[in-house]
Amino acid sequence: MNKLPEPKQPEKLIDEKGLRIDGRRLDQLRPLKLEVGLLDKADGSAYIEQGKNKILVAVYGPREAHPKHIAMPERAVIRCRYHMAPFSVDERKSPAPSRREMELSKVIRESLEPVVLTDLYPRTTIDVFIEVLQSDGGSRCAGITAASLALADAGIPMKELVAACAVGKIQGKMALDLSDAEDKYGDADLPVALVPNMGLVTLLQMDGNLTTAEFEQGLSMAMEACKTIHSMQRETLKKKYATIKDAVEEREEPEIVA
Amino acid sequence: MEQKTVVDLVTKGKRIDERGLESYRPIQIQVGLIEKANGSAQVYLGKSKVLAGIKIETGEPFPDTPEEGVLTVNAELVPLASPSFEMGPPSEAAIELSRVVDRGIRESKAIDLKSLVIQKGKKVQVVYVDVYVLDHDGNLIDAASMAALAALANSKVAKMEMKGDEVIEKGGHHQLPLNNHPVAVTFAKIDKTIVVDPSLEEEQVMSARLTVTIDKNGHLCAMQKGGLYGFIPDELKRAVNLAVAKAAENRAKVMAAAKG
Amino acid sequence: MNKLPEPKQPEKLIDEKGLRIDGRRLDQLRPLKLEVGLLDKADGSAYIEQGKNKILVAVYGPREAHPKHIAMPERAVIRCRYHMAPFSVDERKSPAPSRREMELSKVIRESLEPVVLTDLYPRTTIDVFIEVLQSDGGSRCAGITAASLALADAGIPMKELVAACAVGKIQGKMALDLSDAEDKYGDADLPVALVPNMGLVTLLQMDGNLTTAEFEQGLSMAMEACKTIHSMQRETLKKKYATIKDAVEEREEPEIVA
Amino acid sequence: MEQKTVVDLVTKGKRIDERGLESYRPIQIQVGLIEKANGSAQVYLGKSKVLAGIKIETGEPFPDTPEEGVLTVNAELVPLASPSFEMGPPSEAAIELSRVVDRGIRESKAIDLKSLVIQKGKKVQVVYVDVYVLDHDGNLIDAASMAALAALANSKVAKMEMKGDEVIEKGGHHQLPLNNHPVAVTFAKIDKTIVVDPSLEEEQVMSARLTVTIDKNGHLCAMQKGGLYGFIPDELKRAVNLAVAKAAENRAKVMAAAKG
Amino acid sequence: MNKLPEPKQPEKLIDEKGLRIDGRRLDQLRPLKLEVGLLDKADGSAYIEQGKNKILVAVYGPREAHPKHIAMPERAVIRCRYHMAPFSVDERKSPAPSRREMELSKVIRESLEPVVLTDLYPRTTIDVFIEVLQSDGGSRCAGITAASLALADAGIPMKELVAACAVGKIQGKMALDLSDAEDKYGDADLPVALVPNMGLVTLLQMDGNLTTAEFEQGLSMAMEACKTIHSMQRETLKKKYATIKDAVEEREEPEIVA
Amino acid sequence: MEQKTVVDLVTKGKRIDERGLESYRPIQIQVGLIEKANGSAQVYLGKSKVLAGIKIETGEPFPDTPEEGVLTVNAELVPLASPSFEMGPPSEAAIELSRVVDRGIRESKAIDLKSLVIQKGKKVQVVYVDVYVLDHDGNLIDAASMAALAALANSKVAKMEMKGDEVIEKGGHHQLPLNNHPVAVTFAKIDKTIVVDPSLEEEQVMSARLTVTIDKNGHLCAMQKGGLYGFIPDELKRAVNLAVAKAAENRAKVMAAAKG
């Protein structure tokens, strides 16, 4: 049915040296690239590449609720849409939202809510639009990581950034940050979102087969990875503000000199 | 209902309906009520009431899995069941409910999809699991999960074969083979306390919800966190371990009822 | 297409003794079971089994109209949804409402309107939700019979209960209360709803082939059956109130004694 | 319009447009206006105006009736026809209209569905009856019923045959055979009086509506009560008998027009 | 797939005498028939036959905007729906609006807007419903011609009537007012709407293949044709008013006499 | 933004971003960003940003064109791109955008649909062109048109053949053959002046819009007028001639970028 041959099932997901099909160790993240502030019209935006995931997030708000009846008198309403571009997956996806996309939109929204100070903006909405331009396993987690940067970029007050990462089981072993092929031919997937300093897990889903011990091991691995990602998120924001600050100072200096 | 009361009680280790923090409401299960379905079961979980019906029909496989039958889980939050349910296309809550029930069945490999093939790539059996919520007094996920399992365990399949291009019945039925018996166990976090099997009153004050679906080997096959807050790792670990025990208890009830 | 073999066409629908495939006489109702007040959340509810029909009805209201623009300044608006569960029929039915369900929702609503004192509750809605859990011929009539009990259970003031029953023609003869197989292989179907004391027919549909004489005979048979059903409805409500009264008195007695 | 006037007049046995209680408005029927359709007819019933078009195309039978062609009736209440019609999916009224017209045609066996089979279980002819309301001045059911019948009586079908896997035209056409000629007759109850063929003004004050569809043998083939009130048995019996007479009159007009 | 054989591809679209398959010259319009005021319920209406096109247009308004939020404080909102009857085309069309119908509704609305004095009726809507009962090439243009008559018939103040006509390219030559078969087997289609006295082109679309010179030639041909149609539109309205005047005068005369 | 300023400037022959009236904003084109697509391209037109992805899959031909593959163009105005875009089914603007891009590709015969047939009447290749707007700063038609062309020029197709009833890959890929390179050029009328490539600020004050799509031979293959006013013939003729020149410039950029 498909245009380019889909990845075939590899003979083994872990080789004799304990390395995975893309050469990673079991506890190693895929290459991760974060950017903020790249969209002109959005109030805040962020972009993430994690493996072959390419995801763009825009935040609009706080803005007047539309339609009005969704507004709440004592807090802002966060709305979230996780959406995949038709060309983001192996077989073309209809642009109409699938049941999967609707479920993920819900759990992603619920993973972000705990950190946003929604009570500062009653009667408004804060809209988070996650567009998956290319999908490669772990896209919901990558979407959360980027969404939380986009919220920061929009200047929405938050207690802390949320970071997310999945752990899975391949060939009987827990492995961090599964790629598409590992997800497809693996035994379990455990996406986790963490608010690191609060120590709060705000997204948790699982499918596959795990013992309770494997779950506990996986949860720890995911939380460690979330902390790493959290540092990268902060670094990304710092760089952005540094750039802005530099730009501002550069522009201001002549004035001061003059 | 006093929201404050519910919370106050829970912080004192008590619940408004006098259960223990780790106790389920009474569970009643009846099977076979819907004669036109291949299998059916109705579950009372306290005052929550869920009916599941199974239909098994001939259809086509998905193009990317020509050697597997099809499993479809759907949940309807019909407005008969609650003043908060509305007419129209499935809500976010209905979709989440159906997908969590689906994951439990699918990931535990309860149904051997390969056994549902009539002719490879052409004709397979399609198993429809329809969850119908009739009265919503909280914890629909667990009620639906048990109703779906009991209905599947109660299901009969007609024997089919190909005759030329057409699928015909060979005559006779057999029990739908079930390889696993997944059971969902749901927790609510109220203030700083975790309770099992939240009632509607408790759901209205909970800050977060966690479902853990356990298979017959005591392994996890599905999880889902819901609600606008989160859990700390210790809460999760305790919940997972408690889920294993609770699932075993409930599974025994479901399978006993399914046998009739 | 179907899972369990559908009922085959029987050789004859009436045997030499004048009995039908399920052993009934031509003017005999199927076994009928009525219950009220079995749902916790609904304001009123009722359940009916008539043959293999299993139908649950909930009533909500009078309650604030939502959306607001459907409200009427001088009376309550009755809304009605007749809906079949996917597993209620031989071949699985999509849960989206079919055109048939939409038509039946309309005529059922119009069969109930004449008895409800809607002018007592301006600007509100009264919602009647009929869920057919299993369908077996005559489900719209069984739905009306149960809906009118559910309205009473909800305490909605009514002039009188509405009772409904279909008559059909099988093998050239008028027969009461057709089952699925009789409906499918019969010659006509004539569903009737009656407000007995007002003598008012509030639902009347027909399909098939009837002479005017057959119509008149069928109408009389249906009206007689509606009166029988009406007694059963009243009996059901009486029992319910007796039970409540007993319960209340039992609880109250000690107090009085004390 | 004075609602009171309409009612007052009717109680005195008169009508606002000076008809008798048992009289139809003038009926005009034209056939063949739509050359691209297999058949078509436009009916004026007073100022109500309905166009019906028939399309006959090759398609597949329903799985449970492999030896029958398919009949599909659809009605559109396009917003052009009335300030009360809205854009969007078919309203309840449009669905009722199409289903009442459908029942008349289907139950009277006007079309021999078995004759529409090209290859059993694979290919059949599908007859689409599309009712298009152009001006709504009341009693759309009768206007639509007559338009549909006239359009069917006006329809030609291409001769088809199978050639290998494909359906091809043999060349030539024949008249669509019609075994019956169902005609709907609609009554309105205004106060305590029954009138036939209600105009829009009358519909706005009627308490209930009754349609009786009569086939060419004078038998009933469909009925439909509408409206928020009801009828007493005597009213029903009188209406049914009157319908037989009125249907015969209107059928003669329709069939004369269809012949051209 | 089709009931009656669709028109086969003709051997040539222009014969040796320079005449087209229906005998027309290259610059000749198809027979055109215009009527106004034929619907009872609409505020204004018009009917056009152009070739085998049969199109009915109704105008409602200015009327209260519904839903309210679409109203504009300083002008009327024109809404337009171009819709095809299921039997209007060779193969039965689903009655649900297609993407093509939605696009044409937009460009037709935009072709009418420049002439309507919308600022006279703030907070209202003017609805234009175009129903194509039979389609034969050039239906969007015929729809505009009729819509502008229906607006006039509804008494909506306009600067001027809009007339529309398409030009196409067949067998390498520019030809006026293509029929279905010419459109299907031709090389280009160029629908144009013109406000003649303002000299304003308010609809312009094109598909196919045209040189810039062909475009200029086609545009001139279309504009000439629009002017011809414009005269016919005015004639139609005049006749209508004459008829009304006659009717009024006839009716009034006795009064004056009396 | 000062609406008045934009208009005032234009009447003086100037533009708010200091371009000439006949100048495009800077154009940047990247291809191949989406590895899972058969082809892809991202176009920056000033601050407008559009991504196009091509998917080529096996499907069935339309019944009336059994000897042609299928081309489908879709455009999504996702709410991420602008505060004015809403969730839900495609808006009128999204449909117009996709149809104008579609006409350019289809009418210029850029893709040889006959070459996409795998088995006549049964199996063909379906080319999906999905236009995804990521940032809306005006003139989406031109940005989308260039993105679609670049993505098509960047596309590879797997070689397919029939084996019995099934379509299988022969192995290997080839470049999707493109017979033509249509490029859309859009004009806005602001007061009495025509400008090319309107920015969002300019679109908000324009009275009318004109798109002219030019193929590689300098011929017109699609046009679309938009907006609530019109054009006089001289404006149209000048625009068409200017479009030929501008399209050539932009086509060169697109094809250069597509080659990589």
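Letters A, B, C, D, E and F mark the chains in the order given here, with residues in each chain numbered from 1 onward.
Convention: a contact is a pair of C-beta atoms (placed from the backbone, for glycine too) under 8 Å apart; a residue touches a chain by one contact, two chains touch by 3 or more.
Computed from a prediction, not measured in an experiment: that's the story for all the values here.
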Co-neighbours of chain E and chain F resolve to none
Centre to centre, using CA atoms, which chain is the farthest one from chain A? D
Note to self: chain B rotates onto chain D (CA fit) by an angle, in degrees and to the nearest 5, of 120
Where the CA atoms of chain C average out and where those of chain F average out, how many Å apart are those spots? 58
Can you compute the centre-to-centre distance for chain A and chain F, using the mean CA position of each chain? Integer Å is fine. 31
What is the distance in Å between the mean C-alpha positions of chain A and chain E? 52
At which residue positions does chain A touch at least two other chains? 1, 91
Contacts with two or more other chains occur in chain D at residues none
Line, ring, star, complete or other: which describes how these chains touch one another? ring
Moving around the ring in the sense set by going from chain C to chain D, list every chain once. C, D, E, F, A, B
Chain D-touching residues of chain E, taken from the complex the two chains share: 1-5, 39-42, 52, 54, 56-58, 60, 63, 81, 83, 85-92, 95-96, 127, 129, 131, 133-135
Given the complex with chain A, which residues does chain B contribute to the contact? 63-64, 90, 92, 95-96, 98-99, 103, 106-108, 210, 215, 218-233, 236-237, 240-241, 244
Going by the contact rule at the top, pick out the chain F residues touching chain A in the complex. 33-38, 40, 47, 49, 51, 53-58, 74, 76, 78-83, 87, 89, 128, 130, 132, 134-137, 156-158, 169, 173
Touching residues (chain side chain E, partner chain F) in the complex: 1, 91, 99-100, 102-103, 105-107, 110-111, 113-114, 190, 195, 198-212, 215-216, 219-220, 223
